[in-house]
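One chain, chain A, appears in both complexes that follow, with chain B as partner in the first and chain C in the second.
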Partner chain A sequence: MNRIYMRLIWKSIKRILPAWLISSVVYTLVLFFSVYSSNHTSLIMYPIQPYIYGSEPVDLFFPLFTTLPFVWPVFFLRINNFLEYVSLRIKPGRYIAYQASASLILCFFMVFLVNITGVLFSLLIANTVNNVQGPSLAGYILGEMQMMNPVHFGLLWSFYKAIIGLLICTLGLILAYYVKNMFLMFLAPFTVIFLENFLTAITGLARYSFTTTFVLNRLDSSVMLPKNLLIGIYMFIILTFAVQRILARYEHQNN
Partner chain B sequence: MNIKIIKSKVNNLFLANKALLLLNFCVLCYIAGSVRETAIRYQLELFDYALLVLVDHYYVLYCLLPILLIIITKHIRNSSDIEKVRYRNINQMMRVEISSFTAWLSLYLLSSLLIVLLIGLPTFKPNLFAGTFSGGNHDEILLLLDAYASFSRMPIVSILTALLYHVFGLTTLTALLSLVNNKIHQRATISVAVIILILTFIGFHTSLSNQFPILFFSNYIIFHRGLFINGAPSFFLTVITGLGIILIAHGYRPPKMKASMLKELTISRKMKLTTMLVIVGLILIDYFQLNYERNLNSREIVIRLMLGTNTEFRSFIGWIKSSLIYYLPIFFVGLSVSKINQYQELPVFMRFESYAKLNWNILLQYVSYILRYAGCFLGGLIVMFLIGNNSSFMSKALYESFGVQLTTFLFIGCVLVFMLTMMFNLILFLFVVKVTNEIVALVGIIVLSFISYLVPGLSFLNINPGILTIFEDIQQTFPLLHIKITLMTIFIIAFLGLEKRKIHACNQTH
Partner chain C sequence: MSKPIKVLSLAVALLLLGAAIAYAGTGYVSYNTTVGSFHGAGYTSYQIKAYGGANGYLSSSDVGGDYKVSAAMQDDDGTQGAYTNDVTDNTFYTLAGRSDHLAGESIRVIFRNNWKTPVNVQVSGSWASY
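Now for the complex of A and B:
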């Protein structure tokens, strides 16, 4: 029995693999370009800094990278009524769960691999300047590790960022399951995070923003505290649950 | 029939609240007596004295408001079930409740005025024009009288305006409580009344009532707090909010225009409403921020909203704000394109002579939506710009940075460029949609805009320009702005021309 389920997941993975590959290549190229140009335009004191400066602009589109390539199978399974045929062989909920698991697994690997590659690229090309007084990374979370042991930090950071990517992908999958408009379904997570970023920035609450949780050293070190990041993550999880409940109720009412 | 009911309700209000009104009368006499001493010291005349008594905010907040709150709550909770079933509907009942209270309150306040005038008449001489109250820079009473005198030289006009504002504020309160009583629950009325009272006291004793004027009731009933202390923009916002509550309680709903099926399928009413709410939200955010910074000037709101970003002044918030303003309607157009693709076999689409004609009609809907959006939004900005003045911080900063004064003429020029760019963005979006799809088109436009924000040398690619970009373009010796405007106009005309031409081509016999 388990083998059948594994095969289903594998089939789902194979379905998304081309999109995964394309998005991974695009994400990597954009990140490399940004890291490379940051290395030339900024004062670099530690080898990880090109990655820190370079990943920031790319992270504006992070919600798109973590949803666009992974959520479409769930949307089309629903919109093309494929689940009705599947229900004869397997429970539709379970089938969707396998599809979603495949999307989440690939999303995790994409974010992890691209970011660790970005960190390694940064270490490789960094033009560090010595004998210059500049800002230290010591005040940030794992600041010493960022300065002294960037490879280990890169591994930890990529893992953490991949987890955040999973959260965004989950929201995207929920929307893909319930929303029938393709445009809205694809762009809703990006729009939500974009608006949240704007609202928290303009109200001076950027420290609690969800965007702050996945942009490395985004704000001043005095406000980049674990509890602030956790608030952002909790709020996003609550939002995801709320969206699921609202959409499920809406669908129930319409049926 | 309503007038009869209102008359009997007005009588009932006097009779049922005798004790409370007597208490209020005693307090009013006490205030009139204590103010008399002060008025003699300042050598005031009769109407200035009456004004001083009636606009005393301690009397209004600590005596008049609590007493009237009890009367209002009793008034709207007293309707029996037998009475309720006699009305045509609940809206009519609320209309009668509010109108009777307003009529009663007007009579009551006029009688209060007469009482104060009678108390003051033996001591003070009647006067038509206000006295001079200068030289009292630190005297609260003289400052207050001076503010009213600068509002109107005739104190009787000031008195009537202040009393009218009392009536407006308390009618708003009645309307709000009546809505809660009839639409939510009877028990909630008292809770809401208590919350309003507590909020009023909190707002009065802190600066919160200046920062969030619509939330605190003192701004709805005390004229000099609403207008002189908070400023004209806050005052208008408060009055509009109050009128909105009264209209809703009177059963007013926006008229439902009969939209064609195609309109509803392209840009629905809900989309238009959401667009408007987001833009109002953006304006309110800036308004509250400036109010908090005590730098309220409607011109400042306009400049902050449309500032954008340029090579010298790179602001992420500026970029996001201008992106939201420019791409919000494009987002809804994208939604509509996706919806039309999804339901392209609907009978409504088959009514058109040809596919090209259908496309042309849909395109016209989008163009009309963008023009209306740009027209309403930018028209509102022009009005706000004209209300404000040049002393705003941002006006000065712009002048110091560019050496160009943002005059009304120049601002209208900027507005026309914004309008043209919005139209260009729509056409660019629809053009890319034809080649790829709506998701790629919107993401592509946002990426392009973000790149032009990030890379200073690519500012000519900026498709969501703010005031800063336009000023930068103006300063350049190379006529970049003219070239941009010309290219955008050509692109728009060419696209629309080609789409129109397709109808003709489809109708030709082959």
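Now for the complex of A and C:
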């Protein structure tokens, strides 16, 4: 990748930076408030639990946090016909790819930084109690690490969650490229994930839901298995490909 | 007083004492209730708190689907203690006591679903307010 392309990515990053900053601050404040509130309203046995309980309601809006600040440049590049002017100097597809890369990089850093900060905040304020019989984290994936080494677990979890954020952002970018209605384009990833969660719940397949992959310890530990989470992730990737193929074919037919 | 009447009186007294203890919240009472979707609630019947501020106990037999719920003791004014989260099948839990839950007050358990649980969840088991 030569310097021109690096400069293009850097320019794209600078374009999204204010939105990234605002959304990072909002996401952090909401998460901190929720973690703080959970620490006061829940029985806490391990320092990471305020984060586990506090991040759950915030995760309801995770698809919005990972798309709203990052997909609008791609939408406006197309809607304003900017790509036609760009095509004189660089292939439009390549230009879009650089713009999307900038969005994905910033999305990754936002999710990673906000969540690791949330874990550290939880460890700082946790008001743990002893001599009570409560839920154990032992049966969960890396359960021992959650209990005994929450900082390391927080780093791993934040990295993993940032990857999940990238998947959602990718779906958002595809929709931003093809869908011409801004309202629809912004809400579509949130709606898709909401519906997927609902459908898997009513069919008794919540363990394979994509939602289960990004809500920490969401279900009973007996079903929170790596293979179940991988199925959820694979299904979402297949869905993303399918959406891209369908929208591309639809656009091809209409042109 | 004849012997059979004495025995009968003692048996009735013991039964009444047992009922009073259960009513006073030191005995386990079963529950079977539906918890509403999207952070919705479900409730047990009331018990009378025996000891002000004491912890209660919950023996959860079944939580529907693969979901988890939260549980807390709540008095008839709606004031509630801290939630015990992650309540699942066949597990025993402490329900946090609260200093303003006084002896003699009516107490029940409130269950709550998580925010991302989009369906109602059936829960059953037994509990004691103490």
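Note that the second predicted complex is superposed on the first by the 254 of 255 C-alpha atoms of A that agree within 3 Å, B and C clash if a C-alpha of one lies under 4 Å from a C-alpha of the other, contacts with A are read in each partner's own complex, and residues count from 1 in each chain.
Everything that follows uses one rule, which is that contacts are C-beta pairs under 8 Å (C-beta built on N, C-alpha and C of every residue); 3 or more make two chains touch, one makes a residue touch a chain.
Keep in mind that this is a model prediction, so the values were computed, not measured.
J.: Would chain B and chain C fit next to each other on chain A once aligned, or clash?
T.: Here the two partners, once superposed via chain A, clash with each other.
J.: Output check: A:Arg218 vs chain B and chain C. Expected answer is one of first, second, both, neither. What do you get?
T.: second
J.: Between chain B (first) and chain C (second), which does A:Gln133 come into contact with in this model arrangement: first, second, both, or neither?
T.: Only chain C; A:Gln133 stays clear of chain B.
J.: Counting only touches as set out at the top, which of chain B and chain C does A:Phe198 meet: first, second, both, neither?
T.: Once the two structures are laid over each other on A, A:Phe198 reaches both partners.
J.: Using the superposition on chain A described above, determine whether A:Arg207 touches chain B (first), chain C (second), both, or neither.
T.: second
J.: In this superposed model, does chain C or chain B come into contact with more residues of chain A?
T.: When the residues of chain A touched by each partner are counted, C comes out ahead.
J.: Touch test for A:Leu187: chain B only (first), chain C only (second), both, or neither?
T.: first
J.: Could you tell me if A:Pro57 is touching chain B, chain C, both of them or neither one (first, second, both, neither)?
T.: both
J.: Once the shared chain is lined up, is A:Thr41 touching chain B (first), chain C (second), both, or neither of them?
T.: second
J.: In the overlay, answer first, second, both or neither for which of chain B and chain C A:Ser87 touches.
T.: neither
J.: Choose the clashing stretch of chain B with respect to chain C from the list 99-107, 279-287, 297-305 or 315-323.
T.: After superposing on chain A, the stretch of chain B hitting chain C is 315-323.
J.: By the touch definition above, which chain A residues appear in both interfaces, chain B in one complex and chain C in the other?
T.: Of chain A, residues 57, 60, 197-198, 201-202 contact chain B in one complex and chain C in the other.
J.: Under the stated contact criterion, what part of chain A meets chain B in this complex?
T.: Contacts found on chain A: 57, 60-61, 64, 68, 180-184, 186-187, 191, 194-195, 197-199, 201-203.
J.: Across the complex, what residues on chain B touch chain A?
T.: My answer: residues 285, 289, 316-317, 320-321, 324, 331, 334-335, 337-339, 341-342, 438-439, 442-443, 447, 450, 454.
J.: Over in the complex, which chain A residues touch chain C? Could you list them?
T.: Residues in contact with chain C: 40-43, 49, 53, 56-57, 59-60, 129, 132-135, 197-198, 201-202, 204, 206-207, 211, 215, 217-223.
J.: What part of chain C is in contact with chain A in the complex they form?
T.: 39, 55, 57, 63, 65-68, 70, 82-89, 91-94, 96, 114-119
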